[in-house]
């Protein structure tokens, strides 16, 4: 709330009815709302109430309205494989809904390092980077070594066998040899987008008045 | 390096001789250096070369020189119990060495919530918060709900029994219900301090010239 | 049995037929019976035999009859999020069936600490507290620090990623820094309700005759 | 504090000096103090300040003073093997320091069930039971089936091989088929003693005035 | 083969067609055959070939023919709860098919110790005991303390929460404080029945001629 | 006790004094005694009381006296590598102390299968086989396929890396594809020797009188 | 790509449409393509575009075209049980598609060691061996002791209970006492086939010109 | 033995005396010998017998004599950090002792990707690559994407916190998105060196006579 954003609904495990009701309550209180992990059925129910709501089946984000102000700087969302895209989009969509300008560079896994390196310039121009990867979760380490900006790593449950639904990628990111990488939970694109927005919010407020953040 | 900071030496598991040599090399190249998890013996060896080096036995940080510029805003380091202080000091000392202004609020564990709440004002004035906790690792969730700024959580290995050397606190922080909390590895005060400094660096550069971070 | 309560049927994994038969047997022997984790189909089958039986789809408790005596004091059931309500209701319903007076305070997770603190007075008036939480499982630590009464913590499987179906919350509660918190298994609302009732039973008997509990 | 007991010092991992200082502070504030997991060196240091302090090398409890009032009823502490005695004594000594009357029945493991059953009468006369066991941790299930009173189970790290420092006993107790058993962390005799004392405190207050616990 | 028994088909994960074919092959070679974890569909297919085959939906054993000789002594199969019965029946049925005389005592979990103790005499008359239990897996420890015969423990996946599909019971049985208990895999009733039959086979051969087992 | 054997002392974690006292008590009651995991210091203390006691530094068994009767048949103890010998000797020495005739075949790991196969005849003449292995724990599967007698598998903590102190070997043995193999805890040579002796005891009693084992 | 092979599509978790599109793209670029873990629906869609494509429902490999050159030497694929065949076929089919000559020896699990030993000659004539096994995963150790060639071990998820979906077999293979065995992930037949092909490719190039691999 | 190499002594956990004896036996039988994980004391004892033996304190390899023939091609050993060097040297020294030509490129971790990329040419000229890394274990994925030769990955126990003594790096390497990477156990430099030598041996024999490997 203090961020200026209403609480976000975690759709997973909720009934259509529950999501619809909380959505209504949030719209009434804040004039905008968002649900993550939303199903098409939830989207239909919410659109019946708010025809201007929009739903994206890839990120499974369902939202209506947006942050009143655009934040400065660029949030760059990268992901390693195409199967990581839904999580990357959850991160990107969340940051956008909170007012960030977002760019995406997808399918740049470390086993094809030259594809990633072709984007060196774009990496350096980002203010905050969200790096999404499943499998061995190595991308944040490489990216963290190429930039001096905050890097937020998101492990995904994409993998098989001894991957244990994302545990391998999570442990990998926590022990990254790139210094200053921080990590969110497995598949938690929302959390990463939210953390990036908080950084950009701080940047904006700092730019506007020195006394806000003494 | 792109951050303007030389690589930091991870002292743990290294010999006195190895640390001394890398320290010399870094001093020569950058005019300043830092080692983490340093022993008193490492400190003596380095001070023989650089009498102006300083060593803190609590954080086990050994450094010489400092970031040339002071960063704006305040990094607030909190910890839950007195046993968490060494990790909190590693975070605080790292951020300071990288140019941040740091404040500390220690021993404000959630089982005595009123002690923490007495600092509401201080919490709100911080630009970035580093929250260090062992045991059940609950402090970042409470703090994350009280502020709108970036919160970096550091689990510590302080605990017993089913704590598994910090795993309980780590899992707890990763599944925090406060949105946008990011996490570093167990006892990784260095990583948290470093991530906070990167955010403050971004803030400073953003304040100085819009074109740096477009 | 020695508690004056008949054995309770664990409905999960049983067939409708098995539940119906055991229910009949218990009703015959004790004049009342309860099944946990009951399905609507089990409820229908039992109601065919005992029209006065009642079924609650949230807690999934199916019961008929009740403890003959009301126990003194108040059992307070708290939960962190709305997804924890089914487990909280299993605890509450169990304690009620065993004769306790129960109050509920729901959706008071630690990331919004002020909501919880608004209930300080109610917390202090409770005789026994059952604290239900998923995610990081931090609520019992905070509550345990606010009251001097027995606190029974119930981790729930509500969470995602590195939560491991409730393991994160369980470990968190076991390593709580609030002293004297005891814990039951993941999602085991029944066990918590039952333990609370045993405490209230002891209180009642102690009040009535010193010689019962010498 | 609301229990009328000062905070207890967790001696493990602290220096002699730290324990001595906190002990002094607590004695000054409350007139009594206790440290758990204390070493003989800590005991010597504290006794230099408070000659009336007493130290027990088995439970490793170091205390001075005691709860002003004796609580009604009996806390019964049982343990399975002789190696579990230090944890059992930590539980017993904690409860005693908090004012409880404590009885002990040791070395009654389930592999020699008749030894345990010889104590049926004593089991039934207890108000609260603390059951300590390592290895397969089965004792609380058997005891829980013999009494109708609150049972607090304490797993110990006594075991070998696939015991994983008490994890086997912990999981065993959490999945106990005896209803209403609650569990504390591995080797946490202190926590169990403390929980038992809170129950006896409730019993006492309930006996004295109905209006205290409405 | 050397036991005089044909290889047994593990039905789980096989197609109806595969089971039917291997069954035919075994019947041709040995004149008898058995499949475990068989589905009703597998039973129908096999009965189409061998009308004298019999299928038990509880144990999911499908067999035709039997060991030519009856083994001496009694195999006693115990189980803790009614949910453990399918595994207990797999053990019992396997031992019977291999020629053993089997007795069953079910629903004698340790939380109701007197029910078990009512069978002391039967326990002592058994040559080999198979003890099946889920939840905390404590039954083999108690039984192992009451008899001097070989005890084979079978953990089941019956449990919830921190039971981890039988892991809690497995670890419990491996660390049993009753000496000489041996353990098979989770839900592996077949393995236990087979091990018991090998012991009885040894007994029989030893009785018949000293030179067979010198 | 019902086996005719006094309880065996688990020396690990006990003091010299404790072992000496229990040893005395057992000698007085039974005329013989054994301690496992005994240190040389324990051996010296016990020998001061009982000069006829004997201590083996490899198996760490310390005993005095022996089972009054020799059991029929042969217990064969195999192990995979030389590092497994201490555990194998604990098994062998235990079985011998309980009256068994024991043969040993050591260093026959599966990576050199021909060495094992050279002993086919010896394998077939054994009544009960104890198979000890660390690393991948594969030996019991191979042996179990070569004989029709009871096979007791003992995983050892010999291994490195992802062996997790014997867990790899334990899991391997539990999922053995040889039917009827039973398993004891990691490094539990005592348990295996004891289980083998119980089988041989049954064989002996069965041979002597049919009415003992009806 | 540098191997001369186009990237292989991992079909699992992809839509029919996605597989079809990537397949088209690869065919266009390389004139051949392969998808693993393909469903019959994917096969139909791809065959609509490329009628010469072939699909094998056992290995679930879907491919079109093949490596232009045949590699020298023989890749031998062994597996322990019939349930391991799908993984073994994924390995075999992958190696064949990459140009290898492949031989198969299936159902030679270690519990029937003589069946395996009947193939000694074939084992020795192989250039590279891929050994696939579930359950206790012991086959690579035995095979590794019989040959002097590179052995690639593939654990499968075939097992039950404490097998943990292939973890037991994986740990077993990693701690194999046969020296020089390397391991791929659980069920990763593709990876093993690919590694074998890389070795054979090296052999071929080395034979043709010494200067290629100096 | 079939490789033409005598068995290698695993020094860890052995006594000086045991290593000395086995070394003598191997020297007598084969004219050369090697021990891994050897201590300086073992080296002194062996050098007393064989003054020409050499010991390297970094790799802890102790050997005497060498493979009679030099193998063709180049084995390239890479490692990520300086703490990984002991394991890398164990791999390199083992391969050399078995006749390989070895090159080393150390301290090329993925967080400084440009350092690694500077060696592109050297990577491509290698016949077999051994890639050693601790922390997040990402190096094999990047290297595997740059070359078409066999890559053997070695996870090390270098790391902290949620690294679990190398488990994080091991899981990471097993789920590598680079195809055809094979893995050995944590810190198993010996196994990797041995596997590389077997590949080079195959290459050599294949070059010399087509009929050896038909």
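General remarks:
As written, the chain order gives the labels A, B, C, D, E, F, G and H, with residue 1 at the start of each chain.
Please note the rule applied: a contact is a pair of C-beta atoms (placed from the backbone, for glycine too) under 8 Å apart; a residue touches a chain by one contact, two chains touch by 3 or more.
Just so it is clear, the structure is predicted and the values come from calculations on it, not from any experiment.
Contact with subunit E and subunit G alike is made by F.
Farthest chain from subunit G (centres taken as the mean of C-alpha atoms): D. Using the average of C-alpha coordinates as each chain's centre, H ends up farthest from subunit C. Interface equivalence for B-D, evaluated over E-F, A-H or E-G, points to E-G, where over half of the contact pairs coincide by residue number.
Centre-to-centre, using mean CA coordinates, subunit C is 24 Å away from subunit D. If you average the CA atoms of subunit D and of subunit H, the two centres end up 53 Å from each other. In terms of their C-alpha centroids, the spacing between subunit C and subunit H amounts to 58 Å.
Computed from the mean C-alpha positions, the centre of subunit B lies at a distance of 41 Å from the centre of subunit C. Multi-chain contact residues of subunit G (touching two or more other chains): 160-163, 167, 170, 174-175, 179, 185. Every pair of chains meeting the contact definition is listed here: A-B, A-C, A-G, A-H, B-C, B-D, B-H, C-D, C-E, D-E, D-F, E-F, E-G, F-G, F-H, G-H.
Of all the residues in subunit E, the ones that touch subunit G in their complex are 12-14, 18, 157, 166-167, 170, 185-188. Every residue of subunit B that touches subunit A in the complex is listed here, in rising order: 2-4, 8, 72-74, 125, 127-128, 147-150, 152, 170, 174-175, 179-185, 190-192, 194-195, 197-199, 201-203, 206-207, 210, 213-214. By the touch criterion given at the top, residues 80-81, 109-113, 117, 135-138, 141-142, 144-146, 159-164, 167-169, 171-179 of subunit F touch subunit G in their complex.
Looking at the complex, you find that subunit F touches subunit H at residues 82-83, 158, 160-163.
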